[in-house]
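We call the chains A, B, C and D, going by the order they appear; numbering starts again at 1 in every chain.
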Amino acid sequence: MSFQNPVFIPGPTNIPERLRKACDMPTIDHRSPLFGQILHPAREGVRKVLKSNSAQVFIFPSTGTGGWEAALTNCLSAGDKVLAARNGMFSHRWIDMCQRHGLKVEIIETPWGHGVPADRYEEILAADENHEIKVVLATHNETATGVKSDIAAVRRALDAAGHPAMLFVDGVSSIASMDFRFDEWGVDVAVAGSQKGFMLAPGLAITAFSDKAMMATEAATLPRTFFDVKDMAKGYANNAYPYTPAVGLLNGLNEACGMLLDEGLENVFARHHRIAEGIRAAVGAWGLELCAVSPEVYSDTVSAIRTPEGFNATDIVSHAASAYGVAFGTGLGEVAGKVFRIGHLGSLTDVMALSGIATAEMVMADLGLDITLGSGVAAAQDCYRGNRLNADKAAA
Amino acid sequence: MSFQNPVFIPGPTNIPERLRKACDMPTIDHRSPLFGQILHPAREGVRKVLKSNSAQVFIFPSTGTGGWEAALTNCLSAGDKVLAARNGMFSHRWIDMCQRHGLKVEIIETPWGHGVPADRYEEILAADENHEIKVVLATHNETATGVKSDIAAVRRALDAAGHPAMLFVDGVSSIASMDFRFDEWGVDVAVAGSQKGFMLAPGLAITAFSDKAMMATEAATLPRTFFDVKDMAKGYANNAYPYTPAVGLLNGLNEACGMLLDEGLENVFARHHRIAEGIRAAVGAWGLELCAVSPEVYSDTVSAIRTPEGFNATDIVSHAASAYGVAFGTGLGEVAGKVFRIGHLGSLTDVMALSGIATAEMVMADLGLDITLGSGVAAAQDCYRGNRLNADKAAA
Amino acid sequence: MSFQNPVFIPGPTNIPERLRKACDMPTIDHRSPLFGQILHPAREGVRKVLKSNSAQVFIFPSTGTGGWEAALTNCLSAGDKVLAARNGMFSHRWIDMCQRHGLKVEIIETPWGHGVPADRYEEILAADENHEIKVVLATHNETATGVKSDIAAVRRALDAAGHPAMLFVDGVSSIASMDFRFDEWGVDVAVAGSQKGFMLAPGLAITAFSDKAMMATEAATLPRTFFDVKDMAKGYANNAYPYTPAVGLLNGLNEACGMLLDEGLENVFARHHRIAEGIRAAVGAWGLELCAVSPEVYSDTVSAIRTPEGFNATDIVSHAASAYGVAFGTGLGEVAGKVFRIGHLGSLTDVMALSGIATAEMVMADLGLDITLGSGVAAAQDCYRGNRLNADKAAA
Amino acid sequence: MSFQNPVFIPGPTNIPERLRKACDMPTIDHRSPLFGQILHPAREGVRKVLKSNSAQVFIFPSTGTGGWEAALTNCLSAGDKVLAARNGMFSHRWIDMCQRHGLKVEIIETPWGHGVPADRYEEILAADENHEIKVVLATHNETATGVKSDIAAVRRALDAAGHPAMLFVDGVSSIASMDFRFDEWGVDVAVAGSQKGFMLAPGLAITAFSDKAMMATEAATLPRTFFDVKDMAKGYANNAYPYTPAVGLLNGLNEACGMLLDEGLENVFARHHRIAEGIRAAVGAWGLELCAVSPEVYSDTVSAIRTPEGFNATDIVSHAASAYGVAFGTGLGEVAGKVFRIGHLGSLTDVMALSGIATAEMVMADLGLDITLGSGVAAAQDCYRGNRLNADKAAA
């Protein structure tokens, strides 16, 4: 078990020293005022990271999947109609969850590697004259394919169609790493997790609800208790939870927001972009291609890299682990075996990224792919050299 | 914020050094074989703690409340009938959850301070000739009142009535601290949390399902995704989760089970009993009474102590926190203001318990109660002196 | 191994959470400017704790014993004469060190339990007309006997005799717990360690040199390299050490000084005094006596408690460890077997102190001493009750 | 402050997770039997790492410099004669220490970059017919120049000359990383530190004395107290120290020896060699040269790399720190400004080494050196690819 090497899975990410210490906390009384001094700043920090002035932030001891469930069960009733694009494993799973909870989903099948098709959303919304569609789902960053979607465009589609549906966005692998504008994009529920851009261990579903979404909770009849945001809101008003909160992780979340805001959100996003550009330059130098079909959908948090026909991309992941003690991500669902993934989000430096690139080169060479050793590293070094001042700040 | 003093809330408990270190873990790839080396021993350890040979253990990144929800949603359908006694805040909440999920609950109202009335269960079950009752709920240890119930008697009631209902037991504040016999008592679903007898931070709902409960999942139609045990079982078969697991806490759980089994379950239970006896001796020496009405329902994990008429018991908790940096528990629900609670579970030594008793004495004296300083301590010392060898082992 | 109970040895002390985290630091480049940001504030913090405006602080990766050696070897030459009182094991050892390094020591034999006799110092200094005595040694707090000495009186003795000798003070078990006035008392070298009032793990000798002591280093010919303060001073001027510094401990020292100064030195001293008063009240309630002969020499950091004739006091220490997992101190040297010691310094709360007192009672009762259980606790509770506000701040 | 990147200074090294946790220990009673369970296995572990059956291991809360002083002061008297080669900054400093302690040193001036000249030792020893030379000093690995010396050859020189002088070896930057044979080479005192091959924080001088050296302590009159090995031996016999030991670091040392022996000493040495070969291949690819003049003196723990005439090598170190958050070592003494150093010892993986190489490339390119990006990485990858199985074990 090599704890010395960084991990390059698309979350959970490498945890900074400062956050490990913030989470590793002795027990405090979670019904004492002290807890409020952790809870409220953490919620406020998340709000700032989401660029929202008014969102209500609810944090569950759960995961992003739990966040999806909180979004659906608090705002919808069985039989309600939902519009969603399926362009990867995570959008697929959210759709599946809708169906399991008795929602009707109008699915826009979208090729993996593409972003969510805002034009198709607009067509369908415009055609929905009775406004049967209650919610539009959009996956901001498809972790399975390394594809970023244009949420502003989805908002424009809703507006163009003059449709009152709510907009729920899965930002699990984008929020805190890539620009996310809750207010500006008119998001109604955003879902994130502790273990990606927030650089913490898994264990928190981080959600934000707009006023409109909060109002929808009044009529929504899907059963819910653990994920009930009204119980949560009532608890928060008393510095408490409706059950036992994950105090250490919340303390870490508060600290994580502090780190992100200290670095500056735009600097955080720029760092993620620079590191991602280096990874993509390496992929080009290797003569390989991304699963993401074009630059405007390239993700700054994860790259899914296609391997040549006939080669099992999953071998890269297992060989990297066994031979070099380095973790990459496998392909999932319909790109299983066809891509391997390099996660490049959270607390990462250019220097760490280079070690991942160098490892991938050795692995691919070991497995017989025609890769020039050092070629990807050199390409990435070119990207990183000009940006050295930020490199420093980023990993503090 | 006094981290030097122990906490005496009825969970989360004081976390042993060894477990804090086990949980404070760098990121590993939760889809690698390494994760299986944490997951499976942790589940096996929980099974042993439950004294079960065959239960299937499912661990969610959640809390005991989530465990309740997993029990209900996996095994029941809307409209199903449930039998439950309400004898404290936590049984009340589980009943409330049933109702919110569309279940019909036959409630046996039971005075707070009493255990669940097995005789009333038997009457009702015997009268339910059509076997409409699908599940019987029982709270093994009511954290709000410090009352332990006789689960074996509930099982006997089911058997005497020849009733096929499943038995769901909330063991959140009993399991791993007090004797729990999953197989012998014919429990179908048991619910625990990481932050009580397992001595960890909050963040895990620990559940165990009997074969009968697993079979019930096939027909159950309450909507569920995050808490779906079949998804979970499928994941486990591949050393994985259906979503991102809380790896550090699972590693801690594995270690916690190791600690409990190394100490010996019967020794753990005996230690909890001895420490609790000391607390109760102190209560007697103070001239006060427990909320729990009789010795057979005295809890070995938490004592709810009645204060004199006209005195606000909650003042004890706030004064202890502000003046001495010590956390006790307040009364909840219908005993709010009437009791304060001393939690005495998890990683506790006689020596730590004495500091809690000594603090309670000072607090009560400060607030004008007629307490002889040192009296409770002396009574507890008498209990603890004969048992010194275990004291040592217990807190390793 | 019970890590849950506090320790009651007279150092190393219980380490606060905040300091454990400050010390547990990844490797940094100790030749980089970053190191200076740790070193200089740590030295400045120590200076403030010593109440000095001008002392030069040198910190060695060593212990208090190394600090003694630094004091002697930097300022003296073989054959130089030193005046010292021997009133306990630690003053004895410093005298022994002088002799081993070729110094001539005029020893004032002083009964153990008494402070250093300032009047005898004055007589001898007055008689030393040729000023052959180069240094006067004084142990501020004899850890072996729990005796505090009056350093201001020693200074007055020097002044009254008009003698130019330097004054070296062993403050290992007093500094940062009891009032120490480097400038006001005209101390020339003060010696402390990381593991007492500074609440850290052992590993640092903390020394402070007056200008006069620094001047004496020019002529001093005792061999020294590791402990050479001129090498150290040269290093410090470049943010560096002459060898590899203990970076983590220095970071902890910096943080420890922050904690002490945040609490306020006078508050720290008052807390130590209050806790010590409680311990002493307990000793009285038990019908026992301190080794320290009178209140003006009672130490606020450690109490050596005489046990009845014919009883082996060391049994208390071994029984406390084996039966209750609690560490007290044994008697050393000529009071071995006659006293046991309760350390009450560093990061301690009233509540923790009560658990030590309660444990000592059980131990003594177990061993057949005529002790009323709870009696010492009640006496200490009386002391602690009035001071509750500080209790809180103290252990943060 | 980038804690995410590895450090590449020649000690202190990157500290493995397991050792950080072993060192970060609550206070225990260092006079209790428990301490013996840490101390004795730690000493035994060091003995095994030194490949000795009989050496007595003494561990001081100090540094390698303190270890040098312990070697000299315990075995020698003022005026004694010592033979030593000066071939770098650390041999220079040990010689300087001898002189400051009144020893006469016959110095063999040796060009920096060369190993200690065993033939010259032999000539001088053979000429010393009266056996005035009491001790021969040899620096096994010159950290300043990256030069390894042949200690077996020095032993052969002593034997060939039939000279009874003791052999003292500075193994601070070799022991636990490169082969060291205390018994086979007839070493009399070996000196190591915690912060190099043992992968811990600084704070321990680790020394080993042969029977002959122990006998020499009887006659040796150099003053010593803190570093006295006879006091230490007497303490060890009672599971104790003559003063307060650095318990946490000793616990870490015990664990570190466990890690080294679990990996297998020969595997540890092979890993260091492989990683060093990769670094050297990179240096070759860059068209640069080592300070070490020939392969037989190449160090496997640190490489000092000469930069072109007219270029200030120290700029590399400062630029790497400020622009990329990576620490390399500067040149010291007569090679200051002429070399920069890459430390490659302790807990390091091939993957980490590659990130250091990649960083050095960017830095040198930024500073205008004619370096082909990726060239050194490719050369090192070639070295590392064949050895993947060990890579994994090494960094566990």
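Here is the rule we use: a contact is a pair of C-beta atoms (placed from the backbone, for glycine too) under 8 Å apart; a residue touches a chain by one contact, two chains touch by 3 or more.
These are the chains along with the protein names UniProt gives them: A, B, C, D = Soluble hydrogenase 42 kDa subunit.
Remember, it's a predicted structure, so these values are computed and weren't measured experimentally.
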item: Option reproducing the contacts of C-D, where over half of them reappear, out of B-C, A-D or A-B; value: A-B
item: Chain centre separation in whole Å, for subunit D relative to subunit A (CA means); value: 46
item: Distance from the mean Cα position of subunit D to that of subunit B, given in whole angstrom; value: 54
item: Per-residue overlap in subunit A, given as positions that touch at least 2 other chains; value: 1, 3, 14, 17, 26
item: Contact graph of the chains (line, ring, star, complete, other); value: complete
item: Subunit A to subunit B touching residues, read off their complex; value: 1, 3, 7, 9, 11-15, 20, 23-32, 34, 61-66, 68-69, 73, 78, 96-97, 100-102, 193, 195, 201-203, 222-228, 242-249, 321, 327, 329-330
item: Subunit A - residues contacting subunit C, complex; value: 17, 21, 26
item: Complex interface listing, subunit A residues touching subunit D; value: 1-6, 14, 16-18, 322-326, 347-352, 354-355, 358-359, 361-362, 365-366, 372-375, 377-379, 381-382, 384-385, 388-389, 391-392, 395-396
